[in-house]
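After this come two complexes, each holding chain A, first together with chain B and then together with chain C.
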Partner chain A sequence: MSAVPEKRRIPDRLGTSFTRLFSSWEMLLLGVAIVIFIANSFASPYFLNVWNLSDATFNFTEKAMIAFAMALLIISGEIDLSVAAIIALASTAMGAAAQMGVGTPGLVAIGVSVGLLAGAFNGLLVAGLGLPSIVVTIGTMSLFRGISYIVLGDQAYGGYPESFAYFGQGYVFWVFSFEFVLFALCAVLFAVLLHATSFGRRVYAIGNNAFAARFSGIPVERVKFILFLLTGLMSGIAAVCLTSRLGSTRPSIAQGWELEIVTMVVLGGVSILGGSGTIGGVVIAAFVMGLVTFGLGLLNVPGIVMSIFIGLLLIVTISLPIIIRRLKSGKVA
Partner chain B sequence: MNAAVQTPIQETARPVPLLEMRGISKSFPGVRALDQVDIALYPGTVTALIGENGAGKSTLVKILTGIYQPDEGEILVGGKPVAFVTAQDATNHGVTAIHQETVLFDELSVAENIYLGHAPKTKLGLVDWKALNARSLALLHSLETTVDVRAKLKELSIAQRHLVAIARALSVDARIVIMDEPTAALSRKEVDDLFQIIERLKSQGKAILFISHKFDEVYEIAQNYAVFRDGRAVGHGALKDTSQNEIVRLMVGRSVDQVFPKIDVTPGETALKVENYSHPTEFRGISFELRRGEILGLYGLVGAGRSEFCQSLFGVTRPSGGRLTLEGREITIRSPRDAIAHGVVYVPEERGRHGAVLQMPIFQNMSLPSLTRTSRAGFLRSAEEFALARRYAERFDLRAAALSVPVGTLSGGNQQKVVIGKWLATQPKVIILDEPTKGIDIGSKAAVHAFISELAAEGLSIIMVSSELPEIMGMSDRVLVMREGLSAGLFDRQSLDAETLVRAATGNA
Partner chain C sequence: MNRILKHREILLFGIIAILVAGFSARAPGFASPKNLAGIFNDTSILIILALGQMAVILTKSIDLSVAANLAFTGMAVAMLNAAHPELPLALLIVVALGIGAFLGAINGLFVWKLGIPPIVVTLGTLTIYRGMAFVLSGGGWVNAHQMTPVFLNTPRQVFLGLPILGWTAIAIVILVTIMMTRTFFGRALYASGGNPTAAVYAGIDVGRTRFFAFVLSGALAGLCGYLWVSRYAVAYVDIAAGFELDSVAACVIGGISTLGGIGTVAGTVLGALFLGVIKNALPVINISPFWQMAISGAVIILAVIFNARQEKRRGRIILRDKAAKTYQEAPAA
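Moving on, here comes the complex of A and B:
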């Protein structure tokens, strides 16, 4: 070695992006999706029909829209369990407005605004007062749906204007429903927001080390508030779609969705501890869950078995890489 | 002198080594961390492990404690080959370590931390709290400290945490104790206490591996030495048979100028004026003026409120009173964001917790406070980020396999380079360095000092917190001494002497 210290040239990246891509969680998940797709097409003759497949997308589009925002929230180290209750609240508000003769644009505005307000409420409690989000949103989950139950009791709102049906039942082009197009659009927007903007970078930094993020001048509270606002907004949009698709509002609307949404996010490779994950993973996870539900539906498997299957899928996909790593290191040692 | 006629002294009497490593190698992607390393630890002997950052010391410790598996080579305990597959294996063979940044649990009590994993049990198999607390108390008592064993760890100071870590290490019946920079956060008094403990361990026949960058400490406590450089063991033996210069030469592979490279700068106009800065609990009435190109040393004992004061200047905590004037204009700093916008930045003492996001790549850490400049309309531009990271990586001679590896995979010194680089990238006016060379070896230290000097010469105003007197005296234009949250004197470079500073810091008139 020479005595004069030379400047070393450090490469930007290590190894090819190709090998990294193929060892990623997203690739594993894509493999699972393809396997399920093939299995389904063998299991049922009705599966490989574009209109049936188009119908199947309704199984996940609304949930996935919320899951994108939830992914950002979980990456930042927080969680929102009140999303399904926000749907109920927003849907109830829209139903009440529809009774008073509010037109379609007004209904959409009301649904989206209620979502935003509910998100802002969560955000204030978590980011403003520094309360733990899991506790806050379990509380608001009961609160929001509780309001819906007080307003509706065992009644249901119906009587939505005819043009309102477009959001949940309309088609933009050929087999592509409005919801599916909206889902695809949201996927792109959220992927750009998380992966290509400085806001997304800050979300990762906060999730990995909130202290260091604060010490780096990141307004941690403001970012978290915006994330709750976004999640509320997406819940409001999902409420519009779901209400439009069902054509009626009951207080039990979207019951239990918060867990399916969190499952979708975690299945998509987002660490429940925060700090890592991609929107691409969540998109694939949405398809996996949609395909499984649809395939089992075609086989007339009851709903309860489906939820068992989704639960198993989550456990298997999470444990698989860990088991593989164990086996590998076991050979070495 | 003829070696054969040497009278056997206790230290050089060589029984079977308690622990021996032979031909240990370990590679990581892009880096050969250890290359055919041999080391032997003898009972009743302190062996100092010396080497620059990235020399492989931390990797060796991790192999010894069962966290990493070596690629090749063998470990012998008491002459018998063993395999440390898990951390538990290492503990079972009597190896215990006190780490640089010890893993303790904030929410558990002192006693629980000490006996975590091997708490005394009652007949029913439940934790025997009485015995737990009593034994912990006895252990801490033997270390001559008065920490409350029921207090939660998060209530303790850094120095107290270290004592808990030491007590934890001693709570298992360890025969081989690894101390990875145990004195880094300790005051002189606490270091003396620690050395008494080490002496006691020595007399009990334990083998101690002592990792430190401080030569005075190494000479005070160790009998043997082993020097690592670039993952290789380049020298070992008894300290009394060698000179400090020889060890430094082995360490860096070249001779190092140990004189502080302070460049004489005529300080310019006042950059930052701090008047009567106060905090509800931590400090009160701190006032000084900092000029362009000046290095202001901030000296005091651990717990004197120096870091708290600096964090308050940086907007992490709110002061209860006082005025700040930057370049003639009064400013208020309510958050780190405000501070950065005004050009005041802070390199924190705790790198892993506050300084860097260890899981994220080097280039993303470097650009984190400068994202508004490296992005356009909110969109990231990775070419800009890499360019920024490369600029500071090259300026600091950063050792890393690539700019996209996580900062957590780097050695302590290299992590510090990333953190300092990240702040320089914001083009600050005032930079606050909190223990900038803590846990950094001699070679890198000199580089950091040279760099600090250079920055001052370029007109940057610097506040440097340090607990090391030579550093404070060698680098500062003026020194502010703090004691128990109060200003205990401001000294000019001309009137600096060690005794005055220590007196001011300790309050011994």
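Moving on, here comes the complex of A and C:
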């Protein structure tokens, strides 16, 4: 970040909608997705199979659900690194309840409300006390997962009721899993919330200039609180799905997911500095990441090596536009 | 009295002293010089790592890749030692510093030349470096019997009641203190975090300062890689997983403002010692080590709240009697 403001040139017109559409980040990303899809189907004979592809969606549906809420949060200029720890906490709470014989509806209620509570706690610290969200959520990340460790230690919870398995393993119809349908539903809901409501406009306004937003009568703190609440809620829902899919809870559940979720959001074209981004981009990014990890999995690449690709993907996708912009404006770094 | 309480370092020192006194009431011998030396030795690696983190945080950045850097460098040095036992230890330490500095420089370059937010860069390199440790070792371990006795035992040699490991930490503390208070670079670190715009007008290259802060943090992480491997006599991919949070926690507890520009070496060292005392006291007072994560999370959050309140108060005081205090209230540095 250069400290001296650069001179801005404001163009007379923004180009035609046609050229804009094709030069947009989302289109580029869609191209990448298609290339990866084609490359995968050449690389492995098992790739082009409806059931395999359906299985592949499990790689990203839970993360993407959180990524939608995280996208709104990052657009507003905040971040939540505690999402994976919220999953661990919610999952631990559900596991403890299952040991006491709580039924499926009760478990879901507990998982979702623990997520909401954890999100409210983050929101209170960031929006209520005005603390920097990066450090606060690093703290709550350690606190939430730490509570799971206190409860579980090196043990694991299992023994969930049979009907509970539906959320992570059930299919709504044909190859469409419950998780995938929920993912699609969340995508639509969040797209409407961000792009078609005044709440969404407020999120953008806050991310671009929280000061100006406040003077325009936007309750900045309340909106941020709601966003943390939403992120907690989605983490709770993801916890229900993941716990149901795995059928057990360990304190290390969803370890490192916060990174993958932030990567997904940033890869989807959301500016990490806040103020811009779309849900559509995040949806495509979710598919790209799902396809990459699934394809590498089919090629027997170990998980930790995959994480190198995810890390590279994150850094490269952020650097490329900056480098291209530099080259275009003829300014060499 | 109020004046003393305002000094973060003295306050923290008091809290640590009270903690030690409290623990020794429960377990006699906890406050014995031998045990305290043991705790200091045990905390040495965290102290060194936190000092690098401090330099980075002072410039309004954060380095989440330190633990991954430590793991990679530790693995590289251990493998080098196992493969070529004839290489002198001094050379291996130089190699460790060099690899660490190189990995830190990669972080720094992205932050400096491309202006990517440090949290994103280091979140990405965190996974990449740890993944590289896996690629390097093929997932294998380097065990004690593969390392040379000199490599393993040098940091354990006791000198004046404290192992060399502890003396190394003391030496680094002295070096960093001199660097922070007596050199242009130290000034530049404070200036580019405290007020980047003013720093530019004062002739300080903020980007370059950040870059070198990351190099320093990386080099110290590399050194810690060797110290860690020799201390625990084993190298594998997952060593020091999550340790980056401890280094951030030590800084935050020590009063380093995450907004940059505020903090001291003494504060960081005491912050690390605070965590070290708690970690060593838990088994003594019969609390499961699984509590540690949640406790450090809670302490981070409390410290952030405390820091924010103190910074706010200081701001008000400056506003109220600005004229009277112009000569006394030199900027914190």
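Criterion: the second predicted complex is superposed on the first by the 315 of 333 C-alpha atoms of A that agree within 3 Å, B and C clash if a C-alpha of one lies under 4 Å from a C-alpha of the other, contacts with A are read in each partner's own complex, and residues count from 1 in each chain.
Quick note on the criterion: a contact is a pair of C-beta atoms (placed from the backbone, for glycine too) under 8 Å apart; a residue touches a chain by one contact, two chains touch by 3 or more.
Just so you know, these numbers come straight off a predicted model, no measurement behind them.
Colleague: Give one of first, second, both or neither to describe whether A:Ala205 is in contact with chain B, with chain C, with both, or with none.
Modeller: In the superposition, A:Ala205 touches chain B alone.
Colleague: Touching A:Asn300, do we find chain B (first), chain C (second), both, or neither?
Modeller: After superposition on chain A, A:Asn300 lies in contact with neither partner.
Colleague: Regarding the shared-chain residue A:Ile218, is it in contact with chain B (first), chain C (second), both, or neither?
Modeller: First partner only.
Colleague: For A:Ala196, decide between first (touching chain B), second (touching chain C), both and neither.
Modeller: first
Colleague: Name the chain, either chain B or chain C, that contacts more residues of chain A.
Modeller: C
Colleague: Once the two structures are superposed, pull the chain A residues common to the chain B and chain C interfaces.
Modeller: 1, 3, 333
Colleague: Hey, which residues of chain A end up touching chain B in the complex?
Modeller: 1, 3, 5, 7-8, 10-15, 196-202, 204-205, 208-209, 211-219, 275-276, 332-333
Colleague: For chain A, which residues are in contact with chain C within the complex?
Modeller: 1-4, 79, 125, 129-132, 134-136, 138-147, 149-150, 152-153, 256, 259, 262-263, 266, 272-273, 302, 304-305, 307-308, 310-312, 314-315, 318-319, 322-323, 333
Colleague: For chain B, which residues are in contact with chain A within the complex?
Modeller: Within the complex, chain B contacts chain A at residues 29-30, 69, 83, 85, 253-254, 314, 316, 335-337, 339-341, 346, 348, 353-360, 363-364, 368-369, 371-372, 374-375, 378-380, 386, 390, 393-394, 397-405, 422.
Colleague: What residues of chain C sit close enough to touch chain A in their complex?
Modeller: 62, 110, 113-117, 119-121, 123-128, 130-132, 134-135, 139, 196-197, 199-200, 206-207, 237, 245, 248-249, 252, 258-259, 288, 290-298, 300-301, 304-305, 308
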